[in-house]
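You will see two complexes here that share subunit A, one where it goes with subunit B and one where it goes with subunit C.
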Partner chain A sequence: MASSDYLIDVVIEGKPGARDPEGEVIQRDLIWKNGFESVKSVRVAKLLKIVIQAKSAKEAKMIVQRLCDELRIFNPAAHSVHVALGKSQD
Partner chain B sequence: MTVAVVRFPGSNCDLDTLYVLKRVLNTDVQLVWHQERSLESYEAAILPGGFSYGDYLRAGAIATQSPIMKGIRDMARKGKPVLGICNGFQILVEAGLLPGALLRNSSLRFMCQWTMLRVESTASVITRRLEVGRVLRMPIAHNEGRYFLPENQIEELDRRGQILLRYVNNQGLCNDESNPNGSCSSIAAICDRTGNIIGMMPHPERASEKILSPFHSDDGLLIFRSLLSQIQGGMTL
Partner chain C sequence: MFLSLTRDEKALVQRQLGRKVTPLEWSIIDAEWSEHCSYKSSKSLLKELPTKGARVLLGPGFDAGVLDVGDGYVVTIHVESHNHPSAIDPYGGAATGVGGVLRDILSIGSRPIALLDPLRFGDVTKSGHSRWLMKNVIRGIAEYGNCVGIPTVGGEIEFDSSFESNCLVDVACVGLGQADTLVYSQNGRPGDQLMLVGGSTGRDGIRGATFASRNLTGNEKDRAAVQVPDPFTEKLIIEATLEAKEAGALRAMKDLGGGGLACAVPEAVSSGNCGADIDLSLVHVRESDLIAEEVMASESQERMLYVVDPKRTRHVEQILQRYGLPYSTIGHVIKQKVIKVRKSEKLLANLPVDLVVQAPLLQRRSLKPKSRRVQLDPPRSPTNMGEIVLQLLASPSIASKSWVYGQYDHEVGVRTILKPGAADASVLRLPNGKFLALTCDGNSKHCSISPGLGAEGSLAEACRNLACVGALPIGMVDHLQFGDPGDHEVFWSFQQTVRGLSRYCRAIDLPCVGGKVSFYNEDSDTKIAIKPSPVVVVVGLIDNKAPKLFGFGLKEVGDALIIVGSTAPELGGSEYYEQIHGFSGGKVPKVDLRNERKRIENIVKIYREPGIKSVHDCSKGGLIVTLAEMCIEGGLGASVEAEQIPAKTRQIDELLFSESHGRFILEVNRKMVKKIMKSLEDQGLPVACIGQVDDGSHLRLKYGGKTLVDLSVPEMKQRWAEAIPRLMGDIV
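And then the complex of A and B:
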């Protein structure tokens, strides 16, 4: 099977117990202040967009998940990580 | 008896630390580049403050992959003291040698100020010569110093005497005002279960000569002297 390039999104976000002061400021001083009071919560996360060569989307996701775990792309004490197939811009 | 001060690309408190150990405390000390693999000939290692790898990904995260970290792990295994100051603390946490994480300050600002720190436990190589309750003055200078660990694990850390220093106010008490970065439980310094691996956000090397302190204090020396007495005595906790 031929290999293709896959775009994988890696989202690193704080666990619920870890306060996110940046998200709180965006919610309070930008969003709520300007009338969008229905917004219930804002959490800031980090997004890595990784392009990887693999035989399938499933394999691409698996390799990226493995590198996230092995290389401690996130700190398990404070963060969780979510790996998903990304949508290409082109 | 030689102490290693490990230098990563982006370390910037390495020479201050070297100066204090060499010139103020007359200790044998050497700078060691992060590409070295072994620290076998050293009795203790200090990971100094700075911005290793530009704090990319997360403060301290990339430095954990440097070859010298093998030497640091070997030292830790042998019970030799390893002290991480500021970015050094962040590296030890990211390397999994100390529990928890250091997150962005709750103020969302880089905090650069003198702090008061209460000694909470003497179960480490940097506090073994101090008394619980003693208050020390040392400055902090960081953007990611908010120590985080889930609450139940904080309790366990406390029970084991692994919380070494807490930020306090003039009365020696912890409250929100005296906590400069929003750390869980006002934590400023911790150690591992052996007491030989220590991480602290305050900078003892910037508080080791009276002329540098607005309070005419040199409390940072207490930290270094405690560490040095450990290796001079050849004892482990």
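And then the complex of A and C:
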């Protein structure tokens, strides 16, 4: 099977329930103060767009998940990480 | 529900209440009776420490110790640690540790003005994990301190493999206030409003205090106890709180730390002999589905509990609104000495205050470890002294820490006069024209061989550091960090440590004004306790409006080098044994308690004399390292005759590397040598001229007619300065 390039999105964010001071400030001091009161919550996260050569989308995701875990690209005590297939890069 | 209460403790609660205990009541008692909050294992021993003194306005048992520095001003001081949180999330754990101690200083109504950070990590030369911890702990401290605008003016670091998975992250904070506007917790009275101010309450950090009162495990549940630091909210809290205090609206206050509301509410009202009635549905929360136990036990950061004069609540609200700080009025102080907790109309807890805040003390057994009686043969003296000196200068415990303090803003606030690295203690300007000197010390290597002597020695070194900038020690706080207190040998070392500190304090009349105990520090894999790690933070006062202040760098070619104090064969626990021979054991340095006070006072006096150019104390690495540091800092050379050193040994490695206490090196103008030496001799202190400052930019040491050490100052400087950046990967 031929290899091709896959775009994998890695989203690193605070664990559910953890505080997010940056998101709180954006919500309170930017969004709410300027009239968008219908906004219920803002959470700031980090998005890594990784292009990787692999045999399948499944394999691409697996490798990225592994590198996240092994290289401590996030701190499992503080963050959660979500690995998903991004928009195709053909 | 998981409770860390013992079976006896549970039975006691049942008996005292004589009814069914509600889940919320259990969780309140569990938090307040944790080792972290109740000191149930340590309290009876801690009573041995002297706490009184002419300058002491408030001693241990409060948020901070208070020392009178004259003209109506007070200095407040407190020390905390965040060991377990930092071990799993070094950045967040260390940063929130800084936040916590700042709020302790704030709680008493004083403004935090300086931070110090004593740290302990595993062997960073071998362990990548320890380097990761160190890098992120220091980043956490730096970013939090720098963002709130409070200078980190000092610290101290030790490395030892016993801290591999349980690093120690201590933070001390010094505050400044006025004696007549401090806020004491006993001032709350019935009818006062209880306001919860700052960040919203969430699930983060739930059960942190009970978590700190257990051993570290890799358990996933523990991993939820991470808090996210928010220094900008902290800065707003500091300013808003001080403004409300200035307005006279705060009767009392308490920061929310370990145990959250469960500890803060009872502690805020108990010393005023009152109770509290609070409604959890009024607390501003981050998640709407929190249960009562979670709201009560949450250790979400950046929160304060105000006890507000009911006539002034409007004023306080206006201040908080102006700072954009969330708050909620959650209840009020009541006359009856009970803690009532409701959720809307439903009463969930109704506990006598005394039951909550007076945890039964534990009687712990102590047992002297057998292994300590084993005598090991000391290693033989080597011949390549020059190379050994270079190795010691590059050992992480001795090497330049500028990689660390370079990340800290140590000048913000423009009070810092002597900065980290330049002198043995940092010096800050006080508003009354006097100067405050700060330092911290600890020596786990000495303590692991002899906890009592090691504890005395840590205090002795700290006091020497202060004397080296001309400051008289006026008060100390201690942070005592040990393994599981249920282990008899661990408890023995704790007991010996407290007694050692106590002996030293009594010998020089130094009051202990506060402190902290942290147990259950042990390696998560091996279950071996950390080396006993008492850390002391000592403040000194320069009671002189226009002192000359100088660091320990050599100043002028031709000056004489004088040593004060005698060198003894005391290599036990030394850097030399550890780094060069990989040997731990031997005779630990012993402080000459009888003459210690006289010695400190005389160095302080001498410091002010004309003709004294620099003063440096001998500690880690011994006499030769002290001399090397003076050369490196001043960029000048020195020649020294080892025969001249007053000593109880003639063996060269003991002369050079013994870490004997009570020793100072002075750089003195030639013309003043006789006078200075005579004044010290008259006091009965051992003193000798051992050499002079050279222009040759070499440190040369002769013994028995032979030159044993001949090192170029630039080479020493390079080894010393590059060691830590190299370890941390900044120099490849």
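As a convention for this text, the second predicted complex is superposed on the first by the 87 of 90 C-alpha atoms of A that agree within 3 Å, B and C clash if a C-alpha of one lies under 4 Å from a C-alpha of the other, contacts with A are read in each partner's own complex, and residues count from 1 in each chain.
Criterion: a residue touches a chain if its C-beta (ideal position, glycine included) is under 8 Å from a C-beta of that chain, and two chains touch if they have at least 3 such contacts.
Keep in mind that what you see is a predicted model, and the values were worked out from it rather than measured.
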Exercise for the section: With the two complexes superposed on chain A, say which partner A:Ser3 touches: subunit B (first), subunit C (second), both, or neither. Expected result: neither
Practice task
Using the superposition on chain A described above, determine whether A:Ser56 touches subunit B (first), subunit C (second), both, or neither.
Solution key: neither
Exercise for the section: Could you tell me if A:Asp29 is touching subunit B, subunit C, both of them or neither one (first, second, both, neither)? Expected result: second
Practice task
Go through the superposed model and pick first if A:Ala78 touches only subunit B, second if only subunit C, both, or neither.
Solution key: both
Practice task
Please write out, lowest number first, the residues of subunit A touched by both subunit B and subunit C across the two complexes.
Solution key: 14-15, 17-19, 21, 25, 72, 75, 77-78
Problem - subunit C partner contacts - residues on subunit A that touch it in the complex - result: 14-15, 17-21, 25, 28-29, 72, 75-78
Exercise for the section: Over in the complex, which subunit C residues touch subunit A? Could you list them? Expected result: 88-89, 91-92, 132, 199-200, 202-204, 223-224, 226-230, 232-233, 286-287, 300-301, 324
Completion exercise
subunit A residues touching subunit B in their complex are 14-15, 17-19, 21-22, 25, 71-73, 75, 77-79
Exercise for the section: Give every residue of subunit B touching subunit A within the complex, in rising order. Expected result: 57-58, 61, 64-65, 93-94, 96, 99-101, 103-108, 148-151, 182
